[in-house]
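Several structures are given next for inspection.
Both complexes shown next keep chain A, but they swap its partner, so chain B is in the first and chain C is in the second.
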Partner chain A sequence: MSADSQTTEDRPDEGAPPEDRWRRALREIVESSSMVVFMAIVASMIIGGVLIIFADEAVRESAAYFFSRPGDTFSAIGDALGSAYSSMFNGAVLNLEASSFAGVIKPLTQTLTMATPLIFAGLGLGIGFRAGLFNIGAQGQLLMGATFGAYIGFAFSLPAGLHLLLAVIGCAVGGALWGFIPGILKAKRGAHEVIVTIMLNYVALYLVAWLLSLDAFQREGSDNPISPFVAETAQYPKILGVQFNLHLGFLLALACAWGAWWLMERSTLGFRLRAVGANPSAARTAGMNIGTATIITMVIAGGLAGLAGSAPVLGTQKFLTDAVAGTLGFDAITVALLGRSRPLGIVLAAILFGGLQASGPSLQVNAGLPVDIVVVIQALIVLFIAAPPLVRAMFRLPAPAHEKEVAA
Partner chain B sequence: MTAKGRHLMKNTIRVGAVAAISALALAACASAPEEETSSSATADTGAPAETVDFKACMVSDSGGFDDQSFNQSGYEGLTRAESELGIEIASAESSTEADFGPNIEAQVAAGCDLIITVGFLLSQATVDAALANPDVHFAIIDDLADNDFDGEIDAPNIKPITFETDEASFLAGYAASSVTGGTISTFGGMNIPSVTIFMDGYLAGANYYNDTNSADVKVLGWDGTDGQFTGDFSDQAKGKNVTETFLDQGADIVMPVAGPVGLGAAAAVESAGDAWLIGVDSDWTLTTDYADIIFTSVLKNIGNSVFDTISETIDAGFSTEPYVGTLENEGVGVADFAEGTVSDAVLTELDTIKAGIIDGSISVDLS
Partner chain C sequence: MTATVADAPAAPVSGAPIPPKKWGAAIALGVIALLSLIFFGFGTPAGSTTRFVIARKTDFIQLPSLTVPSELAAILLSLVGLALAGWVAYRANQRRKVGIWLPIVYGMAIMGALLTWAGAGREATSIQLTGLLTSSLFLAVPLVFGALAGTLCERSGIINIAIEGQLLAGAFLAALIGSMAGNAYAGLIAAPVAGALVGLLLAIFATKYWVNQIVVGVVLNMLVVGLTGFFFSTLMSDDPSLNQPIGLEKLPIPLLSKIPVLGPVLFNQNLLVYILYVAVAVLQIMLFKSRWGLRVRAVGEHPKAADTVGIQVNRTRIRNTVLGGAVAGLGGAFFTVASGLAFGKEMTAGKGYIALAAMILGRWSPRGALAAALLFGFADALRVQLGAIGSPIPSQFLAMTPYLATIFAVAGLVGHARPPASEGIPYKK
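Moving on to the complex of A and B:
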């Protein structure tokens, strides 16, 4: 960010909302160049590699006598990195050690399966970011979506097709409801969406924990907080046959990505949302209703996050627990930032993260590395994405032209 | 709560990395080992005389192996089996529930002979994997692997490992009742069976004391169906709050069944000065910094059960016979009582009660 961008941004507009600083940070992140994003991934992989080296026992042992026989250390480092990256590849892309064709491509399908909820939730967050809303509530929205969808899935018995449709709609409605609350609170009362969405994550978590203590949400004959199985009529069909986990939800996610692109780039509504995100005061002057735009954005974002909840309950796991959301809602924030809030970018970022997660079992079991390495790499990516000047300085990249235009 | 745990984990890793780098820099000056030892650097030079051709593997639930609770205890059993039995091990932590299936599949593919999964959340994933891989053996901790509730294990190659924890907490409840001024208390992390079984036994033990000694000891925090829960297994501040409330209501002994949340309870008890804490899962005089205020601990020896399951499978072959930890087989038990608290008369009574529970003449169920 250059000096004149500061002065432009700091000049108070009439009636400008007080979160200029948030908006500026958000816009900088969203508009960072693809080169910066790519380099951020490269940088985190390199640092991840350094951590893998230090986490390796053989390296540590041989490093103790580094100055007497450095060759040992280097070969240990080579072994550590080689086994780490090859098990990552075998776990996330193609398993070259498998005997059958299905076994070879299974990791790839697993990566896409893991990417599915991240695509949904990332799209929702991306729309919010571009409309200037820092929605941290994907976790709660996802959980509510999963709850609605799962309940429809296990409590009713309906014909195949219709049942799945209703369950999917249920997921979207549950999430949309959870997005509507912070939306209307911000539109009508100016409550900051960051605070409200974070708090609603907790409300959703404890609500689900409570629901799972009720007989209506528990399996017959068990007191464990675990719901009955979603009926087969409400499950996503597996699109590549039963030996792969990849389910229809992935195609639905791609369809949503196209829908989000159309909404933001081609529709009037999307134009309004983007205008509000770029400069709320100007949008208001142009006659746009900021409150309505906020509510619509949050409902769409929540609905998409809710659909993310359909991936576990209707696709992979097929029942509801209070841990069904894992850390998906937070990972999706990274995905949205990494994808620069654009649908195509989000799909690619989600597949990258899906791959990182899919490589976890293979990393742990075959390379003996802690799964935390994956988390660290993800965290480093966020860190670098959030600091474009740092990445540019590291790789001596010039400040991209379009950011100067924005600043001017 | 998971997210919070993750952040903590990331921080730990960062600090750890810095520490590791400095340690490496300092240690790099040591002299190289002799050629023959360095060539076999990975082989164990120490304890196990022979290596057994057996690979035992473990999958955690989303708590991870550093949860100070059942994942950790289970993992300790696995590593003990590695060092004492000379077997090969592998482990996989699940960060989300979506990892359960892939983690188990990765271990099947890695040639594990026995795969132990931790916790009822992995039940379905374990059953699915067991049905798909009939040649691989499985064991699951804290679950009966019976998801259709017909009383049968859902796959012919799963060994359930469960614990009659209420037998041990019955003794703790009885002993606590004998030393209290009139009110004892307990709370849990969540209202789930693996937690409330501790509280059931504790309450039943106190009721049994009241019946046999015509006393009137009150139990706060659990009435057999509902009670006091903190809602998670991570927030120590809640454990402290709940405990302070109990102490204000006149309780002088508290049993927290909530993993690390219990450390918050311990802090509250310590600052109160005139109260006692009952640890759970492991012996808290050894595993926490609060040895001075620990009345006793209700032991759930998950580590032993894992070790025994592995060693039995190696020696006698795999059996699906459920392992049930009881007072009789020392799968559960109570640790030594704090010195000077329980009278010799009560200690004798406890021995009688323990024998009664083992032979079935005393029921630990809540009547």
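Moving on to the complex of A and C:
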């Protein structure tokens, strides 16, 4: 798990006495922030394990007579952890109990499917973080994107390729529009983007709830606030055949990751955005327009979050409800943080969290554990990642000679 | 916003630039009053009447219900709103501010017009004034506690996005301990402990590890949602006796609770609501009149200066964040023991974020937080009431109002919201 490779390169060589090549390599690995990421995941899994043990009925029952037969407690603990972690593996990576090859790799494709919206939205948030903007509004942007895309998808009938293209563009436009509002309010009125984006999440939620009560959005013959199914011409094609849910959106997300990398690392615009994020005063002195940079960043971030909305409405669920965003917007924040706002890191983090979420049903069925354990592990990972000194202290890792400030 | 500075003429000090005239508030109020005149005033069918029921059947003193001609009343109330907007414009031209009374009277006039319009010509139903106010206060309770928590933290320089998590943790522990003890008051004592623990985590990550406070807040919210959901689906569903719907009983205050309208609204409530009155008053005085409050605000505005005179910056921040967490946790008890409900997954449903909005709209003061939270509670109660009488306004738009009001406030379209100067910045010696 190397979510972050670049921070190891830019550590200055601090003229220490020459040391053994192997020891030096080992020291660099132990000091690296990739090690912190790995250890944070390990620590979160351990704490998650403690919760699983605590909640397991067999463990609690056998703990009642722990001192007379301690072996029972330990075997119950072993059973609880074993069934939890094996069903996680079976649900997210490879299902070793399946009979066919397709059945064995199905969890892996499911993981990638779940990762798709997280990649999109995580990329948008990552660009925002690097430009110094804290966008909590991916949830609302995603919902608006999903609404625009779904409407184009079910209200029009167009030829196959064009329809999908327009629906995907609709998702991006819807999200970008919802990102533009906090952008312009910050640029022109100095309104703090955290507050505005939080509030806009709820405005979007109620707006969509209202739209779904209108005839134009309501599915015929249904009393529930759900939209008609998106036309087949506007759905993402399945890229591995009909037995897998993995759809074209995943490849589009990877393309966006490359695009985000190119934008931030190779383009003039990306350089400007990074400069504004790193030091707004210096950027202003250098003649950059902070307000414009803010608006552009929020529009791009919103557009990517809107594309995340295409994954459910055009890929998996294929219709619009006001719950279509789930908690994707907030999960994407954790993805962007874990991925250190870098595209490669975000893709890997999204696959990790996508896998955790994909394992939910398997945990529920095979281990009898609620899906919430996944949320706990996810939150713990990000908490630990955010505080490298804490993780280093827990595992007694040496501190690097040059401690870098944690990226927002 | 305070009355003391309201009447001070903005005399230009020699050399200082003359402040620009601020027309935003006047325009906003004028436009809303005009819309009210067009929609509620002229939109009401002529000749119809609206019936306001003031007292409930259970009240001690029975007041007769009030029936007004709808169109005339709605037009008059809208004109009052327009006149007040004109007064704001007049004051703005003189570069003077207006007192706190104006937005209150203005809000009452426009709301009156709306209610008159909504209830016009509906013989079968009527507008339940006392019921509306009672549920406004009731729905505002968690918002007030949450906004107080936010105020306590942010005045010391820590951004508390984790209010939602603190409310949820409080609700969970209140239900758990209350059910285990078989006593709702035990839950009321347990709730602040849960909130304080979440606050402690926030404080440690913010002051010791200098983690971005918004990151910690968002992640703590997720963590609490996950943990409470996990225990709800395992411990509590394995053993339902750990999650019982037990409620605090109402404690009517003798005499005071018999006052018409105000009595049943304010003085026939449970203990949590009375704690709320005390908390708002105490925190308002402590924050702005005591040595402790001055120190807290100094830490939030200029930590280096505070440190120079010997105030322990990070210790103050940790203490305030834990105290704030406890206050929010207590507010969480509203959802379970104070409402007589069992714990449910994610039962706070975003109330923590509305509390954050109330804190901003209340300009980081307990008094303002109370006013903003009551306004939001009223919007929520109105949504329920209008839904009951079948209003043409989609309920979703009423539900949106707190969020839109906050966006307007932070964008400076109506007044200006200025947070403590050093919030969100870790203090490193």
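As a working rule, the second predicted complex is superposed on the first by the 365 of 408 C-alpha atoms of A that agree within 3 Å, B and C clash if a C-alpha of one lies under 4 Å from a C-alpha of the other, contacts with A are read in each partner's own complex, and residues count from 1 in each chain.
To be clear about the criterion, contacts are C-beta pairs under 8 Å (C-beta built on N, C-alpha and C of every residue); 3 or more make two chains touch, one makes a residue touch a chain.
Since the model is a prediction, treat every value here as computed from it, not as a measurement.
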Inset, instruction - With everything superposed onto chain A, say whether chain B and chain C fit together or clash. - result: clash
Inset, instruction - Applying the touch criterion given at the start, work out whether A:V93 contacts chain B, chain C, both or neither, answering first, second, both or neither. - result: neither
Inset, instruction - Pick one for A:A209: touches chain B only (first), chain C only (second), both, or neither. - result: both
Inset, instruction - Using the superposition described at the top, determine whether chain B or chain C touches more residues of chain A. - result: B
Legend entry - Which superposed partner A:V376 touches (first chain B, second chain C, both, neither): both
Inset, instruction - Could you say whether A:I333 touches chain B, chain C, both of them, or neither, answering first, second, both or neither? - result: second
Inset, instruction - Please indicate which partner A:L51 is in contact with in the superposed arrangement: first for chain B, second for chain C, both, or neither. - result: both
Inset, instruction - Have a look at where A:P389 lands relative to chain B and chain C in the superposition and call it first, second, both or neither. - result: second
Legend entry - Location of chain B clashes with chain C - one stretch out of 21-29, 93-101, 237-245 or 291-299: 237-245
Legend entry - Residues of chain A contacting chain B in one complex and chain C in the other: 51, 206, 209, 213, 327, 330, 370, 372, 374-376, 379
Legend entry - Interfacial residue positions of chain B with respect to chain A in the complex: 1-3, 6, 9-10, 13, 17, 20-21, 24, 27-33, 38, 41-42, 57, 62, 90-93, 95-99, 101-103, 105-107, 109-110, 120-121, 124, 147, 149, 190-193, 196, 231
Legend entry - Touching residues on chain C, where the partner in the complex is chain A: 161, 205, 209-212, 214-216, 218-223, 225-227, 229-235, 238, 350, 353, 356-357, 360, 394, 396-397, 399-400, 403-404, 406-407, 410-413, 419
Legend entry - chain A to chain C touching residues, read off their complex: 51, 55, 57, 134, 136, 185, 189-192, 194-196, 198-200, 202-203, 206-207, 209-210, 213, 327, 330, 333-334, 337, 369-370, 372-376, 378-380, 382-383, 386-387, 389-390, 406, 408
Legend entry - Residues of chain A defined as touching chain B within the complex: 51, 54, 58, 60-69, 72, 91, 110, 114, 139, 205-206, 209, 213, 219-226, 245, 312, 316-317, 319, 321, 323-324, 326-328, 330, 357-358, 360-362, 364-366, 368, 370-372, 374-376, 379
